[in-house]
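In what follows, a single structure is set out as structure tokens and then discussed.
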Amino acid sequence: MATLQPVVLFFVFGVLAGVIKSDLKIPEALYKSLSLFLLIAIGFKGGVAMSKYEIMEVLPIATAMVVLSALIPLTAYPILRFIGKFTQADSGAISAHYGSVSAVTFAVGVAFLAAKDEYSEGYMVLIMALMEIPALVTGTILARAGASGGETKWGKLMHEILTGTSLYLLVAGVIIGYYAGMVKMVEPLDKMFMDLFMGVLAFFLLEMGLLAASRLKAVMAKGVFLISFGILFPMMAGLFGAYLGWIFGLSEGGTMLLAVLYASCSYIAAPAAMRIAVPDADPAISIGASLGVTFPFNIFLGVPIYWEMSHWFHTIPV
Amino acid sequence: MATLQPVVLFFVFGVLAGVIKSDLKIPEALYKSLSLFLLIAIGFKGGVAMSKYEIMEVLPIATAMVVLSALIPLTAYPILRFIGKFTQADSGAISAHYGSVSAVTFAVGVAFLAAKDEYSEGYMVLIMALMEIPALVTGTILARAGASGGETKWGKLMHEILTGTSLYLLVAGVIIGYYAGMVKMVEPLDKMFMDLFMGVLAFFLLEMGLLAASRLKAVMAKGVFLISFGILFPMMAGLFGAYLGWIFGLSEGGTMLLAVLYASCSYIAAPAAMRIAVPDADPAISIGASLGVTFPFNIFLGVPIYWEMSHWFHTIPV
Amino acid sequence: MATLQPVVLFFVFGVLAGVIKSDLKIPEALYKSLSLFLLIAIGFKGGVAMSKYEIMEVLPIATAMVVLSALIPLTAYPILRFIGKFTQADSGAISAHYGSVSAVTFAVGVAFLAAKDEYSEGYMVLIMALMEIPALVTGTILARAGASGGETKWGKLMHEILTGTSLYLLVAGVIIGYYAGMVKMVEPLDKMFMDLFMGVLAFFLLEMGLLAASRLKAVMAKGVFLISFGILFPMMAGLFGAYLGWIFGLSEGGTMLLAVLYASCSYIAAPAAMRIAVPDADPAISIGASLGVTFPFNIFLGVPIYWEMSHWFHTIPV
Amino acid sequence: MNNTIAMKRFEIVVGIEKLEELVEILDNSGVRGYSLLKNVGGLGSRGVRDPDDVLMEEENIMVVLACKGDQAQKVVDGLRPALKSFGGMCLISDCLWLEGPPISY
Amino acid sequence: MNNTIAMKRFEIVVGIEKLEELVEILDNSGVRGYSLLKNVGGLGSRGVRDPDDVLMEEENIMVVLACKGDQAQKVVDGLRPALKSFGGMCLISDCLWLEGPPISY
Amino acid sequence: MNNTIAMKRFEIVVGIEKLEELVEILDNSGVRGYSLLKNVGGLGSRGVRDPDDVLMEEENIMVVLACKGDQAQKVVDGLRPALKSFGGMCLISDCLWLEGPPISY
């Protein structure tokens, strides 16, 4: 078994603080500052790594992986709608969350690989940044298709997706990192965006734990189905991601990261987009499942499992 | 004489800014973020250091030092009550503050030792974390014993002490640091929690200076007694701490840190606890003495004095 | 041509975020925290560098450069008043902005030199800190001279200038850095104030970009004159600064930094001071020109131009 | 005025440590709408209270609440016994609710 | 009371996502002064709204506005059609403007 | 309503740079209680003021104050001369103080 990373213990202590009603509180401005940092840093790191490739070489394969991620909400929707008995709006919105990605889960995956000194493709970050687009669009279509009532505000939705903080900062980070890598001036910026990455992640996970604890009740109320879905669906999506990564010839590390991306689900960008696109969906359900069930599952068990999956595929003789 | 550490100059400039009414202000969110950082970092550092011991070996001696710290408020109380002529409530509350500890004073002590390259026992941090418990309980009993009027809310008080941010984060930091030390994964986290420690302390001391300046008037109003008490009592407590450290066979550095802990007094955790346990005590008095007199005394003169005390005990031939 | 520094791309992405109406926002507390950091860090760095000189040796030359900077507002005023047709109040206030300095522009200049491994005199920081005084005083006199109406609140103004956060923290940083350099205890503080400098600057420039974008409309409304002034005046002032630097025998790096100081203009300290001294001036105009035109010009084109100017002067055979 | 309903407006200021208790009382009185402002400072019988003080927790909160007359009486009955331990203040005045938004009073 | 002008006081609470629309309506009604408070929480037909929630954007804003009677009627006329989609609440009451400051109503 | 005292309610909005002066006037008028809200924005004779602007200091503050009629007259007398230089606004209305909390008016 892989060793548990110390950094995820911060999440545990966050949850615990919530459960025992400690007065521990992360100032809102700190939470927001840390998430800006993480987005830029993840992008920057990926951009620096990408500066070692010919972009044109990786573009088609990256595009394929992004486009295929639209299958995730398409699979999640019928499960939620017909087995879970959620409304069309809720099913679509939850699908969008699970099709989208969590940058922090990705970061935990990256840290896992770093601890193992495993290589992974730098452009995975770009895939992460772009995966939000098909997921949120597909989820919205599913939530709205054939439904009477209010027009979908597509213009507003696309603006929200394309200019939303997460996509914007990831892409900005990638471009700046790429440029810095090309002109060989990564040096003084890496002291901030690379060296401090794990420490900032630690703080962020502490807050994520507090947030997850505050959502637990909402999830429990929705019972067994949502919890099972929140664990089993990501494993399925992760398996699919690992399969794709292997098919596309990614390294073992890259394959694992693709599995993490397919398995992870959003709790920041997706809620913001769904509020605009599907205002009649209840955000408490999707955020509860995403943050209260899937996120902790992924960082504790999912990441090592996806690593095993990747490893397993790569032992298949071709 | 020991060289004055540059970091404490930040405190001086904080006080000065307050005195000349500069518009310098530390955003509240920054102050809170920095204190979260310091607590986690102090705990983490101590935890990593502790991972090199057998815990069971040090537990009894650590427990003894924590339990004995209950003597501090017991000594302070009669001085405050009968010489200082404070009310029972105020005397008890101030006693609780002086029995409790200041993590920042401790940090200045650690920085002092680091500049001298002196060893100290890692589990001093754990002692610091736990020293709040006997002090606040004893102080509350003193404030309340025999007093008529409102019941003491013991349940609420113990909850506040045990789940309060400072104790909670120190202990969380110790556990995570200990674990990271055991699995040899301290590495990327130390870039944040160790390398930046001094810089964060600098910022924090700047704010402490501003806060101390804003409390000066309240202290002055209480006159000579409070100022004398705020300087003489910690020296007495520090001497007792140094004696204990030497008796228990601590290193010179560890002995000095125990003296610092016994001498230092709280201005964050104790006010919060006393507001619940002894609401009729006036917080302006205890915070004023603690932050306006004892804290500056300790970081400028106390720390080098406790170092001399420790040195002096260790030259006694046994 | 000099390579564009990656860090200034953050400014570009800040402006772009504003233009495309991204929901990207920098929490106010982060903005304020970062500016405290930058001021202390710039001062600290300069102070450490200064600890290698005899202060008395450099004082006369530094004083001369500070005093001569009073010529900047004296030159700007008639241009603004008689060509730009601004009111006396506005002309005086804008003059004060352009006579004063921008610590962030200075920081970009320092980063430019660091990337080139070019030496510069440490005491340039002290010059920067002090240049605010003659500029703001001269600007105020110009805005007020002969004008009827309200008395100028000189007492309040001088207090604002001398105790204002920027001057205060720069000077505090210089003193602490100087002391740390003298006692050879720079070490643990540099991890914060030197290593992270570029990363913090990156964040700050992102916010500056957002702010500049929000001011663009105000500048556009004032038309061609203000934009031309915002570009041509700093080039003139920069040339004058470069000339002075060369005359006074500064290094090529130092000459360029003096040009940057003469060319840069304030958008933090000056608005605060002018609100008190010249309340009838419209801050939207001066901040718009300073932040919307001159700042971006300086960091993208000005800095490399001032470098060429310095280089050019230094090739003149003496 | 047309399209308006006569109502009572409550304006309650208490220390933030009493917020939970206050909300419970309002809930029990059947209140279906209120607005909550935090970070309120002020002067009162306990002296100056400054929510920006980082060392002492002295924040007040303000609740603004509009409801019909009969509901108002219930709120008064629920609040009055608690007000002594709450400190702060509770003001009542007349106002008109402009019809339009979903009913939340 | 001397030196006072009888006026109407509006107190409007809506979600922050409606702020821009609200300000536009006020501008169009000819309003020349209002005060704006952000970070307001509360309870209403959409349940509890907490501006401190970092995951869900649930902030309310409060606008306090004083104007003369005729102007008040224009505000009412401008606001009423929008209130349905705004949610929240709009209270109107009588007040006196104490003369002294530059006229901004 | 029972257990209530008729009072005057002041609602004052001024720029934060006037806060100290305002508090002094209130103190001198013998006021024993008020509530203070910071970070207020708004529109007025000086145009839009946004407390979130990091470059220009444009924050308003709001003071809400309840006191008895005679006290109110003193407040008015103290405030009026200063209002011109304060800008902003000062509204006065009638309200009832619900008895219970320690007297702070």
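Order of writing sets the labels: A, B, C, D, E and F. Residues in every chain begin at 1.
Basically, a contact is a pair of C-beta atoms (placed from the backbone, for glycine too) under 8 Å apart; a residue touches a chain by one contact, two chains touch by 3 or more.
On a predicted model such as this, the values are computed, not experimentally measured, just so you know.
Student: In how few steps can one go from subunit B to subunit F if every step must land on a touching chain?
Tutor: Minimum step count, subunit B to subunit F: 2.
Student: What chain lies farthest away from subunit F once each centre is taken as the mean of the Cα atoms?
Tutor: Chain centre farthest from subunit F's centre: A.
Student: For the copies subunit A and subunit B, give the interface type as same if over half of its residue numbers appear on both sides, and as different if under half do.
Tutor: different
Student: Name whichever of A-C and A-E has more C-beta pairs touching across its two chains.
Tutor: A-C
Student: Using only Cα atoms to place each chain's centre, name the chain farthest from subunit C.
Tutor: Comparing chain centres, D lies farthest from subunit C.
Student: Rounded to a whole Å, what is the gap between the Cα centroids of subunit A and subunit D?
Tutor: Measuring from centre to centre gives 41 Å for this pair.
Student: Roughly how many whole angstrom separate the Cα centroids of subunit D and subunit F?
Tutor: Roughly 18 Å separates the two chain centres.
Student: Quick one: which residues in subunit A touch 2 or more of the other chains?
Tutor: 27-29, 32, 196, 272
Student: Return the residues of subunit F touching two or more other chains; collapse runs of consecutive numbers into ranges.
Tutor: 37, 39, 93
Student: Okay, what are all the chain pairs that touch?
Tutor: Touching chain pairs, listed by label, are A-B, A-C, A-E, B-C, B-D, C-F, D-E, D-F, E-F.
Student: Which part of subunit E faces subunit D closely enough to touch in the complex?
Tutor: 11, 13, 37, 39-45, 60, 62, 73, 76, 79-84, 86-93
Student: Subunit A touches which residues of subunit B in the complex?
Tutor: Counting only subunit B, the residues touching subunit A are 27-29, 32-33, 36-37, 40, 159-160, 163-165, 168-169, 172, 175-176, 179-180, 183, 185-186, 188-189, 191-193, 196, 272.
Student: Which stretch or stretches of subunit F touch subunit C in the complex?
Tutor: Those in contact with subunit C are residues 52, 54-57.
Student: Report the residues of subunit E in contact with subunit F in the complex, numbered from low to high.
Tutor: Subunit E reaches subunit F through residues 1-4, 7, 9, 31-39, 64, 66, 93-105.
Student: Taking the complex as given, what residues does subunit B use to touch subunit C?
Tutor: Listed in rising order, the residues of subunit B that touch subunit C are 3-7, 9-10, 13, 17, 20-30, 111, 114-115, 195-200, 202-203.
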